[in-house]
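Here's a structure for you.
Order of writing sets the chain letters: A, B, C, D, E and F. Residues in each chain are counted from 1.
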Amino acid sequence: MNPLFLSPEHILQGGYFNATLRKLQEPNTSIEPHNIMYPVFLLENDEGMQTVSSMPNVFRYGINKLMPALTELVNNGLKSILIFGIVETLPKDAIGSSADSVNNPVVKALSKIKAAFPDLTIACDVCLCPYTSHGHCGVLTEKGAIDHAASVKRIAEVALAYAKAGADIVAPSDMMDNRIKAIKDALIANSLQNQVSVLSYSCKFASSMYGPFRDTMKSSPMAGDRKCYQLPPGSAGLAARAAARDVAEGADFLMVKPGLPYLDIVRQTKDKYPNHPLFIYQVSGEYAMISRSGDENEMESILMETLTCMRRAGADCIITYFAPLILNLISKKQ
Amino acid sequence: MNPLFLSPEHILQGGYFNATLRKLQEPNTSIEPHNIMYPVFLLENDEGMQTVSSMPNVFRYGINKLMPALTELVNNGLKSILIFGIVETLPKDAIGSSADSVNNPVVKALSKIKAAFPDLTIACDVCLCPYTSHGHCGVLTEKGAIDHAASVKRIAEVALAYAKAGADIVAPSDMMDNRIKAIKDALIANSLQNQVSVLSYSCKFASSMYGPFRDTMKSSPMAGDRKCYQLPPGSAGLAARAAARDVAEGADFLMVKPGLPYLDIVRQTKDKYPNHPLFIYQVSGEYAMISRSGDENEMESILMETLTCMRRAGADCIITYFAPLILNLISKKQ
Amino acid sequence: MNPLFLSPEHILQGGYFNATLRKLQEPNTSIEPHNIMYPVFLLENDEGMQTVSSMPNVFRYGINKLMPALTELVNNGLKSILIFGIVETLPKDAIGSSADSVNNPVVKALSKIKAAFPDLTIACDVCLCPYTSHGHCGVLTEKGAIDHAASVKRIAEVALAYAKAGADIVAPSDMMDNRIKAIKDALIANSLQNQVSVLSYSCKFASSMYGPFRDTMKSSPMAGDRKCYQLPPGSAGLAARAAARDVAEGADFLMVKPGLPYLDIVRQTKDKYPNHPLFIYQVSGEYAMISRSGDENEMESILMETLTCMRRAGADCIITYFAPLILNLISKKQ
Amino acid sequence: MNPLFLSPEHILQGGYFNATLRKLQEPNTSIEPHNIMYPVFLLENDEGMQTVSSMPNVFRYGINKLMPALTELVNNGLKSILIFGIVETLPKDAIGSSADSVNNPVVKALSKIKAAFPDLTIACDVCLCPYTSHGHCGVLTEKGAIDHAASVKRIAEVALAYAKAGADIVAPSDMMDNRIKAIKDALIANSLQNQVSVLSYSCKFASSMYGPFRDTMKSSPMAGDRKCYQLPPGSAGLAARAAARDVAEGADFLMVKPGLPYLDIVRQTKDKYPNHPLFIYQVSGEYAMISRSGDENEMESILMETLTCMRRAGADCIITYFAPLILNLISKKQ
Amino acid sequence: MNPLFLSPEHILQGGYFNATLRKLQEPNTSIEPHNIMYPVFLLENDEGMQTVSSMPNVFRYGINKLMPALTELVNNGLKSILIFGIVETLPKDAIGSSADSVNNPVVKALSKIKAAFPDLTIACDVCLCPYTSHGHCGVLTEKGAIDHAASVKRIAEVALAYAKAGADIVAPSDMMDNRIKAIKDALIANSLQNQVSVLSYSCKFASSMYGPFRDTMKSSPMAGDRKCYQLPPGSAGLAARAAARDVAEGADFLMVKPGLPYLDIVRQTKDKYPNHPLFIYQVSGEYAMISRSGDENEMESILMETLTCMRRAGADCIITYFAPLILNLISKKQ
Amino acid sequence: MNPLFLSPEHILQGGYFNATLRKLQEPNTSIEPHNIMYPVFLLENDEGMQTVSSMPNVFRYGINKLMPALTELVNNGLKSILIFGIVETLPKDAIGSSADSVNNPVVKALSKIKAAFPDLTIACDVCLCPYTSHGHCGVLTEKGAIDHAASVKRIAEVALAYAKAGADIVAPSDMMDNRIKAIKDALIANSLQNQVSVLSYSCKFASSMYGPFRDTMKSSPMAGDRKCYQLPPGSAGLAARAAARDVAEGADFLMVKPGLPYLDIVRQTKDKYPNHPLFIYQVSGEYAMISRSGDENEMESILMETLTCMRRAGADCIITYFAPLILNLISKKQ
């Protein structure tokens, strides 16, 4: 009798000694095309195409440049995109009127993209901050505080505009309380509730990892570093309450943002809402760090490990600037 | 305000109106090669190859016929097999001596298969019934009852023989209480516990769906229709206790058999033991029913739906006679 | 001391070694007449009687042919039926007006059946698809999408018509969000809420096993294979949310459809809502597969095992084309 | 809109307005023969037959009178009995030697009953109190306290004697801690563990309802009114711990005794151990009260309601002196 | 080492070997005056006093006979009563107008009792059945079905009348869905919500044990044996939903009726709503059975054991015809 | 009434609009010196000091160079270190004899460090891999597989040697099943169990982020990239079982390694074992990525955010190469 062995159920190594067995031990962590969503930055100038200095291989596109890029990606398996509008000449005002004007690049582009790629799922980021003169995500009171009711009303209007223009998913990133219900009510009133999903930026933290994104969006941050009412990084409690709020208000999908340093929040959210598909936004700071994490092989290994970890933590879909590279890696594997 | 709408969280159709969204709603149900295990029936005659009248497209192979068949399957993605030995001329006796004799076809074949397919995971069914003169799964007392202690001792000896011969997984199908611990103790005593897994037929029910399998094994059932002490079909309770027993005794992997009519047992087992990979044995009666369920397209649709359902219910790997067809369907899809 | 025995509580075989003990291990799995509901297809032509080529022993009846058939079944123990109307000459239009017209065969037959069989519980399937010119389960918008509000309003009108005509149970199969509340509100407004139950097709999956049923209903499916907004087969999450929705809206009884490949969903639903009687619809594809599963004895064994499994998984009542055969098997057993 | 109705899910009356629907609302409460066990009092005198004054329709039988009585009951559906030995002339001593002597009426009768009724499940009550000179359930120390180790050893010896003589179930009623494990060890050492079940009187309370039983057993209670270490009636906690103890020690089946005033204990035990069949002993005081509860119709209604309530509370089998009457009522119903 | 003892935690007998320890094992089971409520039957004739043949020691009183009886009981500790009005000459009509007329004996007596016994808590049973010409608990539609909305309206009016007349507790026994909310709304509208409690007959079963009570109430049951929409005895599920409904609607206290055969329902209800005081109604059939259960000592032992069991199961207060005897037994013990 | 606001409990922004409130929302996330442990690499050459090219600001020290460095850190608040021995000239053999030889730098240094810094908690990494000729973490069998029993024996011997030499904590990083119990047994046998803690590398994953560490340790990896039997990155299940195993074997503290991509594992482990202090090893790849994540301010913000996130996820102590910088940042803040 071997006194070293406490109990047979504590002998783990017998269960993962080869690659096939290890796959069985890693359920629900495969990375397939539907697990990836690609953020797209859309310029007003239809022929424009700009690099982003802080984010190698990321571009801002005008619609006419975007179409051929999308063609290649869709052929390589791309299933879904998340569109952000970039403002260069459109007027900014107190209520972000350009967000849903007929000249908004997102509004203009949706029907073209939909027509060209009928099987591509199109999500649109919904916020006022790129379009307000003050750069805040909502409408302000005379005293400069957020006018909650007015803000939520505007957010719902913008979301509805994108939905009518052809978006499959509207994704409010503003973090205003109760905007999910306002958007759902607007969709219902327009009989769109069974054709348009709402992806809520439910757990969006006030992270230090958004720097490169701000460059990309050409958004100049206002005085005050919490302009968008993001959650404090150490607060699992507010994240739990935010997800509960959004589920009660009718969100179809939830999001945690950023990803890597918040995988416990992903786990907590998935455990509580196992029936709601969960998105992670792998943010620009994560993109930058991983991009510089080693040579090409090391970087790809680290990238794929982080995606595996995100899936393990409970994410169903990862919004990532690495989407083109990931689609290539998936294709190669097969 | 629309009085028809009770609550935004009850509007489900907004979350699955296209194919990509539906994929996000079906987590952990993909069918990849590592989710499939193929049962192989091995003849004593190395050159033999026999059809099975009740199971179209299923064969019994001698090792020399098996090798080219496996080559094709492994090239098509096959990751794991489950070997059953078929006895035609080997002597049968009271203790099933041929189960682990040097002439046993499984014992003889293991090193050859391992050498040819080093990345193929090889499981071996472990039982005495194909080798005992009385056809029971254990050793009998003078009065004809199961001699539990003697039976467990023999089961462990046979499992050890297969482990030494090169099996990656030993899979006792006899349903004797406490045989998992006996096998683990034997593996430990031979320093094999971290190179050989134990897959327990934990929840094996006394089903009416084993008929074609018995033809395949050429096993003539004894008087008494519970010869192997299988569980009563209506008993979720005994299934729960059987899984608990096997986990406590050190099983690496659990199994539910048959599959389709027992998916609630799959769910119950996975819910209780989420950290133990769970196998389903899609039995011969299921194979027969699905084979006859319609024309080729209908049959393939029904087959793939049942596999999806098994994965949804919590199965990590499905042991199935359809493995060659499934590998083809997976290849085509890509 | 016998080292093979880890723990007395792991010795299971001492608890089920004879038939009486096995019965005690299979609680709540008996098949009595109240556990069975029989689907009835009702023709407009009162004297009609038609076979269904893909479903042996299933007939479409005119009311005058149905009555003697029911008499025999009721005498043999039948407790409940589920009526479907078959349209052959009634006009179809955009809103399914014939569903609740005075000429609808179901509306016409209810009082006759009720008078003849006062103790027979009568359920009526409620949907628009047999009666709409486009074949969809709801009313369409100009663009061809489902008009949710209009659809739910019509579903409630049809359900109310059947309730007024004498149905004990109305069973909406359309899968529109929030139709249960609309029906309950209509029943309340007509003081029928304590005389008519609502059986919701809560978890109805987009299965490949509905083929023969479509023959039976003479319904030609429209372009688009999700016309009825059924759930994706791999989605346990949407099924959980659908059941929650229906319970919150006041459903008296819940349903899972199909049965056999969805027993984990049955278990999940019963575990969550133990106080709501749960129905399974054993669908036409299941009927076909079991019918062809072997000779008469084998088929009956497999049939009764599947019913036992359904009861074990949590079903209280099984809607099945095998009802006449099952009543015979029950009678014989006594 | 009707302001009286708070929520559709609170309208219950729509779910049970006819008899078939009510049956669906009462799952797992049917009374079938396997849900009933009949207590049998066995005299030393093979030809004896005695009435019990305090229990109308209950008899003490010698084996030759018992056989025809059993024949009638088995023909009427009886599936299981629980045998008590009655001592009239056998010597009593300090260790209850007559409990397992060759002259013990139970030991003598078992093979005869088994031979005549091979499908009848035979349980034997196991205790020392009918056979000890002091009337206690165990062996005493010199000071008159219970000698726990000696007592448990004797209980296991008596249980083993009955098991060897042909009992299917041994049912220790002594309430000594750890006697279940001692019995299981004895069964294992004799290779009987998979042919003999242990039914533990796990939750036996010190009730005031055992009076008539004591008459029946002709047992004169000792000084001290807790002679058998029964549980205090108000203690749900000790009952929970007693069941936990017996499950850990390997009990196949559990019991609560008495029944009616302890249905919360039944519920608590079933909730905690859903996978262990649960017995209720409907004791002599319950028998007496129900017998006198009204005229024949009223009494039968009350009896059947109490059985329904016991099943609803979680009992799988009820040990009851009413077994002959119940079998008649079941037969009549069909 | 004593091999018989599996685990120290399984030695229970060390924890309850004397009377003091046993009391410690029986928490929250004491029977004090506040745990008892006494049902009082009030005649129209102020000087009347009648025996009830089927219930020895139970009387119907006119107010002038009730007062001295109450004086004695209050002096002996009585803390609360539940008043039922008995109709002999008051007119009955379709809506039970006499239930809350100025001539109703309950309405008339309340101020007198309150004045005489300011510390006595007075509950009033609220139902229409003693006052309707048809004997149903609610108002009927033209077709003879219950008119739910009209019924709930009347129940609330009656409850309000008793509240205004001085009742501390109104106890609706009608089992109509949503009547608790209607009563609470009426109390609020009259500023009585903080002076009057609502005790809901939440879990009132269709029991065979109400016979003697019907004699007492002189109520002749109507055709149809479910006139009050009581719950089916086997349905724990409907009981759970009924308690949930009443808690959601604002019930202060819950009730289970009858008591003894429903202690699992008591347990289930208390487990789910630990913060709502729970009443048991020990009904007339229980009273009759216990009254005849033996000689005076035996009967008192059995009575006190059943009360202990009710308290153990979770009851806070027991409504019982034995109240005078219990108060005597309590006094003697002190 | 503002229709936009669904429910007051969903208004979150009222709870974190200033810095103090945000701190209240971030419980248990402060970074104090006791939450940090510093890894120290110890050279054989007492006077040595080497930079590590892939890890800026990380050094290998001989003991005489280490002492002044530690003095500065301890003065700046350092509370604990984790020592790794670096082998340059010591002989390597099959069983790693140099791990616990008198010449081992760790063995030699412990008493000196302890004497100089009596309040510094000293942990020692325990493994064989730096000292074996084959580079594996355990002893091998003749066939080259891990000899489990021999390996665990050696690990326990090495741990005991460090404990005897003055380590406060021994931290086995080898991942052998059951080594925690072996170490505890060794400590007990030497009466050290109450003076030495065991910190188990419980959940150590086979990550791509160990590259720079391998440079630091000068360890040349063997053929086979799982040499240390680390967990597959996607397997939350094996991590759960590994933590359960180590807790059952007596681990004082648990560890998750790496940190950032495994915060869901941290959460899962802390949720399951809230009473065991939990360590994170922020590995070399994390160090490299964060070091290159931006300019000094950005990098420090990101570093502090990741630490906050680790604490939020459940870590009590973080083992980090950034310890000197963190101590500085803490000092500055005060």
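One rule holds in what follows: a residue touches a chain if its C-beta (ideal position, glycine included) is under 8 Å from a C-beta of that chain, and two chains touch if they have at least 3 such contacts.
Being a predicted model, the structure only gives us computed values, none of them experimental.
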Partner chains that chain C and chain E have in common: D
Identity of the chain that, by mean CA position, is farthest from chain F: E
Chain A onto chain F, rotation angle from CA fit, given as a multiple of 5 degrees: 180
Same-site or different-site touching of chain D by its copy chain E, using the half cut: same
B-D or A-B, whichever has more C-beta pairs in contact: A-B
Between chain B and chain E, centroid-to-centroid distance (C-alpha), Å: 59
Where chain B and chain F are represented by their mean Cα positions, the distance between them in whole Å: 41
Centre-to-centre distance between chain C and chain B (centres being mean Cα positions), rounded to whole Å: 33
Overlap residues in chain B, where contacts from two or more other chains coincide: 2, 5, 7, 11, 13, 15, 25, 27, 146, 148-149, 177, 181, 188, 193-195, 229, 236-238, 241, 248-249, 277
Touching pairs among all chains present in the structure: A-B, A-C, A-F, B-C, B-D, B-F, C-D, C-E, D-E
Contact footprint of chain B on chain F as seen in their complex: 3, 141, 145-149, 177, 229, 236-238, 240-241
Residues of chain B touching chain F in the complex: 1, 188, 191, 193-195, 274-277
Of all residues in chain E, those that touch chain D in their complex: 2, 4-7, 9-13, 15-16, 22, 25-27, 29, 146, 148-149, 152-153, 176-178, 181-182, 207-209, 211, 229, 231-238, 241-242, 244-245, 248-249, 260-264, 266-268, 285, 288-290, 292-294, 298, 301-302, 305-306, 308-309, 311-314
Chain B-facing residues of chain A, complex: 2, 5, 7-9, 11, 13-15, 17-21, 23-25, 27-28, 30, 32, 34, 79-80, 119, 121, 168, 180-181, 184-185, 187-189, 193-198, 247-250, 252-253, 277, 316-317, 334
